[in-house]
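Next, two complexes with chain A in common: one pairs it with chain B, the other with chain C.
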Partner chain A sequence: MSDPAFTRPEHRDRIRRFAALVRKETYQVIRDPSSILIAIVLPLLLLFLFGYGVSLDATRTRIGLVVESATSVTQDLAASFQASRYFEVVNGRDRREFEEDLLVGRVRGILVIPATFAADFAAARAPKIQVIVDGSDPNTASFVQNYAQGVVATWAALRAAETSARAPTIAVEQRFWFNPELTSRNFLVPGSIAIVMTLVGTLLTSLVVAREWERGTMEAIMATPVTAGELLAGKILPYFILGLASMSLCVLLAVVLFGVPFRGSILALYALSAAFLVPALGQGLLISAATKNQFLASQLALISAFLPAFLLSGFLFEINSMPTVIQWVTVIVPARYLIPSLQTVFLAGDVWPMFGEAIAVMLLIGAIFFIVAWRNTRKRIA
Partner chain B sequence: MWWTRLKALIVKELLAVLRDPRGRVILIVPPILQLLVFSYAATLEVKNVDIMVLNRDSGAWSNELIHRIDGAPTFRHILRAQHPEAVRDAIDMQQVIAAVQIGPTFSRDIEAGQPADIQIILDGRRSNASQIVAGYLNQIVMGLSADTPGGRRMAPAVVSVVARNWFNPNLIFQWFMVPNLVASIALLIGLIVTALSIARERELGTFDQLIVSPLRTHEILLGKLIPPMMIGLFHITIYILAAVYIFHVPLRGSLLLLYGGAVFYLAAVVGLGLFISAMSMTQQQAILGAFLFMVPAMLLSGFATPIENMPSWLQPVTLVNPLRYFLIIVKGVFLRDLPLSEVMANTLPLALIALCTLSAAAWLFRRRLE
Partner chain C sequence: MAGPASPFVQITGVTKTFGAAAPALDHVSGTIEGGHITGLVGPDGAGKTTLIRMMTGLMMPDSGTIDVLGFDTRRDPARIQTAIGYMPQRFGLYEDLSVQENLNLYADLRGLPRAERPATFDELLTFTDLKRFTGRLAGKLSGGMKQKLGLACALLKKPRLLLLDEPGVGVDPISRRDLWKMVKDLTTEGIGVVWSTAYLDEAEACDRVLLLNQGKLLFTGPPSEVTGRVDGRVFKLSGMTGRRRPILAKALDQDGVVDGVMQGASIRLVVEPKVDVAAIAAAVAGADVTSAPAQPRFEDAFVDMLGGGPGGRSKLAEATTALPTDDHKPVIEARGLTKKFGDFTAAQDITFQIPRGQIFGLLGPNGAGKSTTFKMLCGLLKPTGGEGRVAGFDLRRDTAQARNRLGYMAQKFSLYGDLSVAQNLEFFAGVYGLSGARKRERIKLMTEIFDFAPHAALSAKDLPLGLKQRLALACAVMHEPEALFLDEPTSGVDPITRREFWTHINALVEKGVTVLVTTHFMDEAEYCDRISLIYRGRSIALGSPDELKASVATTENPNPTMEDAFIALVQASEADEDAGKAAA
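Now for the complex of A and B:
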């Protein structure tokens, strides 16, 4: 308190007012069980779902295998399918046996080894195998196609090696950096941490502040000497801390429970998360100031924050593959900048040029949200 | 007599949601916007990605390979690297999703009829997309391999796999996505609208007035059940129209079956919403409670990943999820003309869920009355 500026009465008042506001908001957070629900229970649930429930990994898919005529060659090929760890095979003699199963989804594909296969194969007359897949789920359809092709290619290569008639071909050696086992959990769990922070930052904040507008307690606070800037800052500080706390909880669980590697630094993790919370909280305040109604705020938060964080951030779907207009929309989705950086902190390590850019853009978006929210709040006072 | 009372309540409930012009807008515009944006955005195809090539070979075959990669629609730009450090940096910064390295003896090996090899480095942080990219690259290399002198000699002996896609021959992603979104967005809207209905009255104190009115418990429940179902059916109708006329998803099955399934689905969703609403004391709790149900319901419905891929201890949990059954009905009726017996088999669980949640909600009301 040696600084003369702090001893000036208006400054002392300002600090006291601000401390009182922060204390009020903190009590509100701690008292309301729903904040605990969203800051602790929901993150745990999401992490759990992405850790166990949602898996994009190759797993066993049920297919019907039709061997139209049993010879040693076709039996050998059928055995390769039965041994594959990607397929759970149901055997049959005629494709019609499986047509209804495919219609109702009991099998995902039908693999037919035609009656002429053995003869064509022996005579090298372009032997063919047919795969019928359920196109109503394109992912699973291409999965079944690709793996069926893989099984056949491996089988053919083995047969050729036995007869030593193998022609030299081009071998492809592929290496997946950062995640060699291709565990989808390793990139889903870091991504879901961004979703958790969106929930705390935007959904919870917009609900709480909208409730104050709805009940009229916001006007009551405005009647006090608090300025709009102080009011907003006081509102968000507890949620900022809550957001970081629930992020920390998630990271701890990701590493300890799910064994996701953490190769970057704690500093980078907190810098990125703190920068992300600025636009997330700004958006929450903006939504509540614009709607002043809990129902509208919750809907807007869902539509403008939660769903874009899920679908337009590169979390599940590649941004490059989207139509150009939608790619423009993703530019203002803060999670788009956080998710690749978080995945990098976890799986690759610190890549500061990438993080610096992400942090700068997130802060910029945040600043815009705050300015608009501040103007909106100030207008009410005047 | 009871019908007049019920009608009054239904009108009141509809007014509560639709009176506010902003409320009307939020019930109509965003769901349609979502359908449009998400059905185009949510694609697991990979397009327009950049790729790096480190070519140490000076022969014709490596140029041919690069030429073919360049010609593939998947790849937008091909960046040339001069040394391995450039590859590392570009992958680290996610400037490229994959890098192809061609060794100095590539063309020589092919001409000499010896096994040649190339190396592909992929970004495992985006392991889903990079696996798809690896698949495309492998196909290009296989094509090249078949055109080499050695490959041409072997051609007749190569076993080919001929694929046929039923129900969706060109694997158009929107045909999958739009029916999925129809069911999910209806859940999103239905649950929130209902969850708020009782909680709002409690918060405003009008719930007590409702209780002392001549309405019986089951009438209150019906009055709370029917309006959100009307809103839900309205939404579903718009989505079906959009699916057929904007996205050109074929509607191969019976519309009647689809609506039959939708009525039970909405009853189940609204039942869940009322149950959540009856449990919560404030609107905020109701919204968060609805959310707490919605997120797992979406993730464990078979929408993003097939249910059979989930761990076996988690699969039984999906049995109480209404979205799971309605997804089968919507996708089935749209794309594959699902037979009546299958629609019934998936409607029955929906009816059961509706029955359980509505009775639970009624019990919670009555407990409140005493």
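Now for the complex of A and C:
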């Protein structure tokens, strides 16, 4: 062979090609408004949405309050409900008055203080109140139930102190650790950081690779001595860094602007995020290698990565309360491992055994994506 | 190492099929030599791009082998890729990167040593005349400049084999000529060049050609050998009185006539061997017509090779009601049409009139402003200034009436790809306001005329290009429009289909239909009664094809082609502009 590329060690060429690809990608990220949009504007939007707009706290929920027989005790309890900052109370005499309201959502629940309440209370038998909620809206339902219990418990304690009588037994005792204010923002914001990294890692990456196919630039660089491995690596590194940068921006805002506590270490935060970006990027590359079309790539990225990160990761919905089959599906959703760990880093501190397991599983899922993507990214057009 | 005796590329029995379609390449064999420009010639869908991609080692044949520079594409694609330069159809440039950044990227990817870079960049930037634009983003370059930059990127590490996929598409004739000169220079250094093209005039200039049609290799050898088959059989009829289109139609139906096209006021005929042209001329056009032998061209031979062009009869026109031709009011009129997009003027003060029964052409390279002008005249774009009229209706005030009088055939035949042939006909009939018995009758007629019945259930997107074009024409003329707007109507289709198309259009014009056509095909301009040359948003010349050609005739070039005329007129207009700037 007389071709110099094959006679001298081609290590230097390899590094030079890789550096050239990374440089090119960096210029493109900086100059292309759509990557700025996905890597900076969209994350900020999401963060503000979860920081200010969306709240899973039951503040001023409208309920119907039925006092079946008016005694001084029941009136006192009713007054407690009216004074609660969680409820906006509509009074009634009979639960049937609120049936339709509950159905159409004018009230979120019906609280019935039964006729037997005063007698039970006086006799120090555990008094009962009935909470009727709309089971089709489980989130609100469980909040109404929990807060109603809280109001009753507080009332009973106060009453006991006032009358210095023995407090009646309270059925449920709830204590919230690590997020004692129970502010949902504190666990939504760390969770949304996982969503942001999914956007950059999977959506943006699959879009930029598909765009190279659409514009014909992929064909042109494939016909140069560049190898498939260099092509993949040249895509991964810039978006890996961009993903971490996006994450850092979000964390900074979460702590500074929203006052979300950060009790873990920076090291744990970056180790977890870096591990999560491996499956996210792998999935993005796999999608674009399979579709080669921006529209399809974005749809697939949204459906196979973004939505599962939202819905199947425990971010908005408890995994334990999902049907068994769906619980199995969540096993392959990388965000499911990241979100609890991130919430722990923010709200509790470093729990390395938990993080180690999460990192291992995410790397494993990532490795599988990469192997499949690698096999699909040969230097071939068809 | 390939010795000088062995060819640069050896293609042996290559077949490639995509899905259920007919093979894209069917047992193709041939060779490509160093030091030559080899034309890979054929209409769209002939298999040109597939063959080039296989030479780069990015696509593998189903059967057969390709050896490039002594390496098998299956076993050694990496070695091939270090030794070739490849420019794909869209030039392979990163639009967000500047000219210099694109060069740097490809220099790194191709492993051009640092020490050689300043000299190589300087040489290539001088060669392509891009020195002034090194800081400009590639996306902001004109088509011609992009193409030169694409070429520069492919040439960074002097390749032994240069593969260019349709480098002449979307580029103005001046840039095309420049590029050709550059590539020609390279061959003197022994570089082998493959230049794929659908333009048959480009084929004529190649050293050797591989002529492809529908995946089959029709011919391989020097183009003169192709044109040689029609030597002494090509004639030019001139001196006709009266309308020339019916004469062409009649001539095409004569025994012994292989092919015929319009050439300005003359007619070009290809006949079978030993046929008496004078007798045919007299029979179709009277005694005072003169016939003179003409230089055979590649296209004449290609049509001959494909078994001759279609006859001159148009069943479509026969079924069309004749429009009165006695009124002399213009059917299509543009008065000072101007369109600005931000601070960019896409069309500036375009004015012309088209009388009934004439074909008017807007001729110019992509991006010159043809389509903008065209869209303003059919009511798809609102002009910034000036006005357009169709059949007497102002397009701004009476848009609906004006639109009912016109038929529109869009670039790339904008049909609904997922609807079948029958459903497309049905849909467009509805859109143009046909209903009931008349709708059924017109659809039936179109199906008969264009022979759609065997394909009625096929999706439009699965049709061969020629059939797509026929379907688009059928959809545009179903409601018998007075004015027909054709946007690049024959782009990429094979010459036989193109002739069939013009037979219909010529015959419709004889029935009183008025036609506005845009084209970047210089040859197609010859069918027009008058043309306007559009360049950088302005009309730089207006006249009949013969007038425009005559206006640039010189003693060195007494019989300029349409392309010569275009280039001369553009250069004259640029000189004027420069003079104007200097004066100001």
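We take it that the second predicted complex is superposed on the first by the 266 of 382 C-alpha atoms of A that agree within 3 Å, B and C clash if a C-alpha of one lies under 4 Å from a C-alpha of the other, contacts with A are read in each partner's own complex, and residues count from 1 in each chain.
FYI, a residue touches a chain if its C-beta (ideal position, glycine included) is under 8 Å from a C-beta of that chain, and two chains touch if they have at least 3 such contacts.
What you see is a predicted model; the values in this text were computed from it and never measured.
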**Study point:** Touched partner set for A:T224, first chain B, second chain C, both or neither
**Key:** second
Point to revise | Contacts of A:R17 with chain B and chain C, given as first, second, both or neither | key: second
Practice item. In the overlay, answer first, second, both or neither for which of chain B and chain C A:E162 touches. Key: neither
Check your understanding: Just chain B (first), just chain C (second), both, or neither: which does A:S298 touch?
Key -> first
Review point. So, A:Q145: does it touch chain B (first), chain C (second), both, or neither?
Key: first
Check your understanding: chain A residues in contact: does chain B have more, or chain C?
Key -> B
Review point. Once the shared chain is lined up, is A:G216 touching chain B (first), chain C (second), both, or neither of them?
Key: second
Point to revise | Touching partner for A:D32 - first (chain B), second (chain C), both, neither | key: both
Review point. Is A:V131 contacted by the first partner chain B, the second partner chain C, both or neither?
Key: first
Practice item. Would you sort A:L207 into first (chain B), second (chain C), both or neither based on which partner it touches? Key: first
Review point. Where on chain A do the contacts with chain B and the contacts with chain C coincide?
Key: 32
Study note, to complete from the structure: Contacts from chain B onto chain A in the complex sit at residues 20, 22-23, 26, 30, 33-34, 37-38, 40-49, 76, 91-94, 109-110, 113-131, 134-135, 137-138, 141, 144-145, 148, 150-151, 153-173, 175-176, 188, 192, 196, 200, 282-285, 287-288, 291-292, 295-296, 299-300, 304-306, 308-311, 314, 328, 331-332, 335-336, 338-339, 342
Point to revise | Complex contact set, residues of chain A against chain C | key: 1-3, 5-6, 10, 13, 16-17, 19-21, 23-24, 27-28, 31-32, 215-217, 219-227, 379-382
Revision key, fill the gap. Note: in the complex, chain C contacts chain A through residues 1, 18, 53, 56-60, 77-79, 81-84, 86-97, 101, 104-106, 108-111, 137, 153
Exercise for review: Mind listing the chain A positions that touch chain B in their complex?
Suggested key: 32-34, 37-38, 41-42, 45-46, 49-50, 52-57, 59, 61-62, 102-105, 108, 121, 124-142, 145-146, 148-149, 152-153, 155-156, 160, 165, 167-180, 182-184, 186-187, 203, 207-208, 211, 291, 293-296, 298-300, 302-303, 307, 311-312, 314, 316-318, 320-323, 326, 329, 340, 343-344, 347-348, 351, 353-354
